Every structure is written in structure tokens, then in C-alpha cells.
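As written, the chain order gives the labels A, B and C, with residue 1 at the start of each chain.
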Amino acid sequence: MSDAKSSAVSVELRLRVEDLYGQYIACLDEARFDEWPDFFTEVCIYKVMPRENYDRKLQLATMAAESRGMLIDRVYGMQNTLFHQPYYQRHIVSGLFVRGLEQAEGAQRILTQANYAVFRTKQNALSEVFNVGRYIDTIVEDEGRLRFAEKWCVFDSELIPNSMIYPI
Amino acid sequence: MSDAKSSAVSVELRLRVEDLYGQYIACLDEARFDEWPDFFTEVCIYKVMPRENYDRKLQLATMAAESRGMLIDRVYGMQNTLFHQPYYQRHIVSGLFVRGLEQAEGAQRILTQANYAVFRTKQNALSEVFNVGRYIDTIVEDEGRLRFAEKWCVFDSELIPNSMIYPI
Amino acid sequence: MSDAKSSAVSVELRLRVEDLYGQYIACLDEARFDEWPDFFTEVCIYKVMPRENYDRKLQLATMAAESRGMLIDRVYGMQNTLFHQPYYQRHIVSGLFVRGLEQAEGAQRILTQANYAVFRTKQNALSEVFNVGRYIDTIVEDEGRLRFAEKWCVFDSELIPNSMIYPI
């Protein structure tokens, strides 16, 4: 079994990491998409991909970005150029743990994992399960706050939800 | 981005707040409804309303109460006067964070937010997504324990679930 | 109201308990079933049963084991002898709290409870709600790590899911 490394981080840091997830999902679920790229470092990896591809180390992703600038472009696209039915998202995150710590260029990187479930609510419809999977993330201290250097959203359904407009 | 204010409360207080939510959903999901009003202060606000109304500052609510007495009445009603098919509820709460702190009449008020998902299980039926949204709460120390001075349950579906009998 | 006893355990121990749940659901959801029995003590109770039976103190369980050896047998069975459509599981755990502490044979036993929701994803299908309920657990320090001495998975749906192959 891969041991949890949560004991390697202080209680204070661990609670800050929990806060980061709370803030992240609140930002998305309140549709404050303009603030979303600010959760990532300037150079970053953001990928949403099916579990099958992740396990086979295939690179095909439903969404992918390698910088905050690309995330900003994505937000612009979803707000201005994509034609879609609007829907609400509601994230649940659970089972957060620290996978390990890394040193990279003098900075500490916190490796985390957590399960997530996202519910979708379309207009005049009931809420439904939209996407479930896990976050496999790397978090760094950046400009006095915690940011994602990497966020992999690895979802369980092999069906690629082509209607996935908003970030996970 | 609205910063998390979780660092403004001690680790001990924060864990007590987490416990409050754990106890609250255990109370509801075990159908110990008689104990539910005791989670609120004598004068309180309890509202369950769709997100559309909350965002537009409309007051129309699916459930509303302004005192513990009204909550007790509600419990009496649901147990004695409402005709309904019984169902089980199961709450999941996630992404809890402290929005801020307030001083009111010499007492500290802890402003919190969290996402929730409630599953419903009817007799001889499978469990299903019932209601998802967020809690926007105000918590105070009251008679040696934490209680909700305000609890807003703001749900995503614009469909008002007329079959919502039990509290969220 | 049954008070939360979380304050009876140190912050460090509480976070270790949270980690245990994070590791447990990660193990199951990544289908590392060979590692699953190691989350339990040599002599243990593992039961999955409907709420109706639990509340009436009926012993009929969907899954039951009384030792790590029986759990190992179960894993062998699910991997080698049961014919079934494979599916992915995704666990969400929420509302964890400490119900109390017990002393048994000189060792401290931590009594916990938490809600859970499990989503299932079959091949070429969307994710769906599979099983929701609560964990009623007893945790002990064993060989330098935390393990479950008892794990009761009490689910809400009275329909016995005959297709429940993997552990909850």
C-alpha cells in the first residue's frame, strides 16, 4: 500500500490545502470562471481525461492546457464562442490525501489526490451525476498563496462527455 | 478571488465546525428529527431556496423559519400532518471553508460555506440524486456548543421539488 | 443529541483517521483489491447490509467477513470465480466524526461514523449512483498503522444490489 504522506506536512499546511479545494470548487460552482485561471501557476498542466487513457499513458485529453494563458483562452472560449446550453455544476471532493512531497528548483511541491463527483443541473431539469473521478494534483506556494502546478482530472466514464463545457 | 478566512480560526475551532456538520447530517439522515431544531439558535434563519431566487435576492423559499420554535413546528408537521411517502435521505458535505468572521453583540459569528449533495431512497427503489447545492451558514457559540444562527440551503435545480418533506 | 467525541482525540490522530479513509477509498477505486484486506485487523468484522436489517438488528448481510483471511478469500473470489461485468467504483466519504473511544484489552479503539456515496461506471455507460449509506467503524492502532477492527457499511436502499461485486 502506498502510505499516506499527510504527516509530512504540518497541520496548518494541510488545512490550507483543504481550503484550496474548497475555494476551487466554490469558484467553479458559482461560475466565477474569470477567477479560475488564478488557481494555477503561470506554467502549469491542466488535463481532463478518461481513466482508460490515463492508465495506458495515452495523452488524449478532453481538455488540456499548459499555461495560465491557455486557461484564460479557454474561459474566453466558453463564455464567448462555444454554443451550448448553460448548466450549473456542483462539485463534491472527498478523501483528500498527500501522496508525497517533491523538491523542484528549490521549491517544495505537494503531491495530492482526492476523489470528486460533479453534478450537473440543466435549466428546468433535475440535478444529475455528470462526472466522477479523481484529482491527481501538484500544489506549490506561489506569490504567497497555494496554486496548482498540475491538475489531472481523471474521470471514470469511458464515454467522453462531449457536452463538457466548463472546467472540472 | 475571495480569500479563505479559515486561517482566522484556530485548528480546534475549525475541527469543531467540521464536527458540527458531521453531527448535523447524521441527525437528519438517521431521521432523528426531534433533535434537529437544537442545531439552531433560539432566533435563527433557516431557508431552503433555489439558486435563481438567492442570486436575484428574491425571498421565495421552499422552506423558511425564523426561530427554533418554527423549526419545532415544522418537525411536528412533517411527522404528523403531512401525507407523504417516506424516504431516506443521505447527505454529503464537501469543500467547507470559513468565509469570514463577524462580531455581533459581543459574540463572534463564524461565516461558513460548503457544498452539499443529498441522495433520496424511496421504499423499494434505488438511491437517486435528490438535491444539490450549497450551505451558506452563520455559526455561533451558544450554551457551550456550536449552533447555526443562519443556514441557507441554496440548491441548483430550478425545479422546486414539491416532494421535499424533510430538512436539508 | 449524541455529542461528537472528536475533541477526545488529538488533532494529529484525527487527521490520521481522515487519511485512513482517503487511503481506503483510493485503494478500492483504483481496484487495488489485493491491498484491501490489509486495511483490517487479523480478527475483524466487515459487513455490508441494508439499513432495515441494521436497525432491526437482523444479521442478514450482503457481504460479511470475520477475519482478514475471509477478506482475502473474498478478493480471490471476485477476481477469479465470480462472473460479472466489470465496473468502476468511485467513493465519496463525508461527515466523518468520532462517536467515542473504548478501551479493549489495553488498546484504545476509536469509534467513528461517516456518510458515503459510491458511484458506479460500467463499460460504455455513464456514471450512476450505486450505493449510499454510512460507515459505522471501529479503528485501532495495529502494527504502527491504523486499521479497521470493525467496518459496517449500512446502505439506504432496501433493494439488495445483487450485482454488488466489489467491497464498499
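Methods note: contacts are C-beta pairs under 8 Å (C-beta built on N, C-alpha and C of every residue); 3 or more make two chains touch, one makes a residue touch a chain.
Remember, it's a predicted structure, so these values are computed and weren't measured experimentally.
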Would you mind naming the chains that touch subunit A and likewise touch subunit B?
C
Determine whether subunit A and subunit C, two copies of the same sequence, contact each other through the same residue numbers or different ones, counting it as same when over half of the numbers at the interface appear on both sides.
different
Measuring from the mean C-alpha position of subunit A to the mean C-alpha position of subunit C, what distance in angstrom results?
27
Where subunit C touches two or more other chains, by residue
11, 92, 94, 117, 129
Residues of subunit A touching subunit B in the complex
11-12, 15-16, 18-23, 25-27, 29, 32, 35, 38-39, 88, 90-94, 117, 119, 121, 123-129
Which bits of subunit B are touching subunit A when the two form their complex?
1-4, 6-7, 11, 14, 51, 92, 94-97, 113-115, 117, 129, 131-134, 155-159
